[in-house]
């Protein structure tokens, strides 16, 4: 299976990627050297109002010109460049990682209250489902995903993630079963402001996928984790549910527990489950989701995957293994294991 | 003791709160309700029980009095699609005309329409036990009158019409009840399974109370209608489809 | 000119060494196959329907039954059935009426679909030890949850429409009193009450013996409006508008006058001995907006307290029709596949009109999903569901729950002889003859039906656990857990299922 770790500094102090690289490398046993990745929030302060669109190009000819054209149709490219990479002996460069800093026009999309986000979501879905040789793997503001097929330290060194400073970091070490060796299949998955790292397998994927597709998302990554990002985007952003309630929809209490709740809470949970039945996630999973406002970690309803939480002052860590947390922070103050389905939330304090 | 009616101005009101008000009023003992400015509200008196009179001023929407069981509605205006649909008991007195499928599947009570009705009037009306549905029409009716009829009475007076009914398919598939139409109806207008028989003095005697009640309700002189100048249409058989099938 | 007789369908013989002349066969056969003459049991095989009543009652296993004991010259096109139907119609000039469901050997899609199980990458769940949720709510669901936020507190604004709560996604479909006996209906009613689910009343009204179980019934309103009044509508936990039936899409039905005995007449609210005719369409529904009107009328009459279902036969355009229904105020769409059972249907309809439930439910699920309204309405599959595997596959293809009919009757003794229309059912199911009806003890009958529902529920839990699912929501529409085996690409695409190995 896989290893995950996430950290947030709730005061928004930024930390570089070196310590999370060490933490993830400690969990090499959990991976297979076929995928690793990092996401960091707060890394592009120079472009505070641009969507940072990270794309894997197979070449810089047709795919890139098509993506350029799509972006220019829907908005303005403030800046673009190849993401700096550094050859690693153990990592074969399969794609050219590229980044655009993009400002969508907000008057082109109708029928939405968040035209910028919905425009970017539309662009991501369009590129990923129609443009051969291009894959958008990161599309949020002031955040970036860095991932590839390889061991955690190789991927980190390939991107030199210690050069980036963020107040939230998530990292993932992959043992793939579905799409080994594919860069797009590595975590974190990201859409707009949502990033997800996931350990496990979602047995309800078919149902969840149909539900997000029914709501205008296209699953293009051939793996189950991307639906988590879309579910959070749908429930969290578009339906406006707070993270704890999103988790309550994705990993709800059992009916016999709901039946025992006080009347008001019982009604709330019943409505939540009925409304979001197709969003319920089944199977073994431990997941950490991030947005610019914080992170939330949770496991499946019967705790089939491990998850450990550590806290020290403004720092909150969520990981598959306690050791990984202690590598990052030897002076960690409290360590505990959350209950199944219980959301662990770390919000930025502003 | 005279009690003032409950008067509701329903202008622009949706039918659900309106029906709720009516139900609550009836439950609290109100016996007389007047609805003013009715325009298009469907389902008025839908499923309503009890002993109450509802006066409807305006044009109510479809399925007026559907499933109703007991109340009386008097409508000063036209009615739309299917008033008296599957009505169990009670009265609809319509001082105007009505749309298609009037009294569809009505099992009991009376639907009186002063003017004309549309197609498939009294379709699948049926009687049961003490319940005997009556649809009476002052003007004319359109095709498929009393189709599949399984009981009760349809009376068409054809006031101002010559002949009273000109459309075809009268009593298609009728297997119970009777259709009585003023004047001599051309047999070509009868549907499959219907047959015309003589309207006798006994029939007149039997129907006189209905004719009189209808005329009285709408202020018409009944005298000209109290003769045997009617066509009576009844089922050719109570098993219209018997003999259609063979077993495997 | 005589066409002569056609050969026997079945030949009955008795092992005279075993027979002890206990007379049970003579007493049990309502068709008159057996009679005692001169201390010898004589047999008239021509009357046999293969109902197996005699065989099941014979204490010595002395009775043998052979199907088609006389050979015709075999021919792949001019089957025995084709020839005998022609002879029948040449003789009578009539429409052939037949019982039970579609009897043509079409491929069964359920049997070309296989379910998934976990290995390594995710664990199986043991339903005996770990929670397994089959609870199913049928009815309208909101598209999203509405709430207000007051300084951190989240206050629910959404008001849920009434939903039916099922402990298991198995319901018993609509079989009217009249089509089946009161004891059969009572057995079903007691069984659903025991197992926390629901049954349909059929279109024949509700007999007062069912009143104690009315909270577990779905009352049906069909084109004949038999037995429909406001009391009936208020009794049901839900109301179902029957537009069509899988066994005979597009046509009405009729209960012949001879079956309308005094109790049936009371329940249907029609005179005794009169034909109970259900026209093909509802004559107040000639278009989709008229359906919406009837749905709302029923809700209005019952104060918006009851879910309203709409049942249609699975026909070619079923997906678009279901989507239209879903956009009325209807709470659930029932899809009845072309294998659905019936007491009587014209054979040409039963065997040739409509499409299989597997394709229909998948297409409906897909269409509703494409339109973004799948979770807002429930989908109930029916028509030929034989076991818990069919149940699990139906749900994976997109159903919320299923109706069973024939399976429940088999649990009451039915052997699918297909002679329901004759009203002489020796098992006391499809008959109104008191001496036959009393063969069903509703208490015992209900236990058998409840056992069946319970067993399927257990098996469904096991199947889900093996697939790593502990909640029925996660099986619903989950095509990833199905694969097609020897299905063609066109059908795989309709089902939205991959091939085995893919």
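We call the chains A, B and C, going by the order they appear; numbering starts again at 1 in every chain.
Please note the rule applied: a residue touches a chain if its C-beta (ideal position, glycine included) is under 8 Å from a C-beta of that chain, and two chains touch if they have at least 3 such contacts.
Nothing here was measured: the structure is a model prediction, and the numbers come from that model.
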Chain contact topology (line, ring, star, complete or other): line
Longest centre-to-centre distance from chain A, chain (CA-based): B
Chain nearest the global centroid, as defined over all protein CA atoms shown: C
Between chain B and chain A, distance of the C-alpha-averaged centres to the nearest whole Å: 66
Separation of chain A from chain C, taking each centre as the mean of its C-alpha atoms, in whole Å: 46
Geometric centre distance via CA averages, chain C-chain B, whole Å: 37
Footprint of chain B on chain C - complex, ascending: 88-89, 91-92, 94-99, 223-225, 228-230, 233, 254, 256-257, 265-266, 269-271, 273-275, 277, 279, 283-284, 290, 293-294, 296-297, 300-304, 346-347, 418, 421-422
Chain C - residues contacting chain A, complex: 118, 121-123, 125, 130-131, 133, 135, 137, 141-145, 147, 149, 154, 156, 158, 160, 163, 365, 369-372, 374-375, 396, 467-471, 473-481
Complex contact set, residues of chain A against chain C: 1, 177, 200-201, 203-207, 209-211, 213-216, 238-239, 241-242, 245, 254-256, 264, 267-268, 270-278, 280-284, 301-302, 304
Residues on chain B engaged by chain C in the complex (per definition of touch): 15-16, 19-20, 23, 42-43, 46-47, 49, 62-63, 66-69, 81-82, 85-86, 88, 101, 104-105, 107, 120, 123-124, 126-129, 131, 147-148, 150-151, 173, 175-176, 238-248
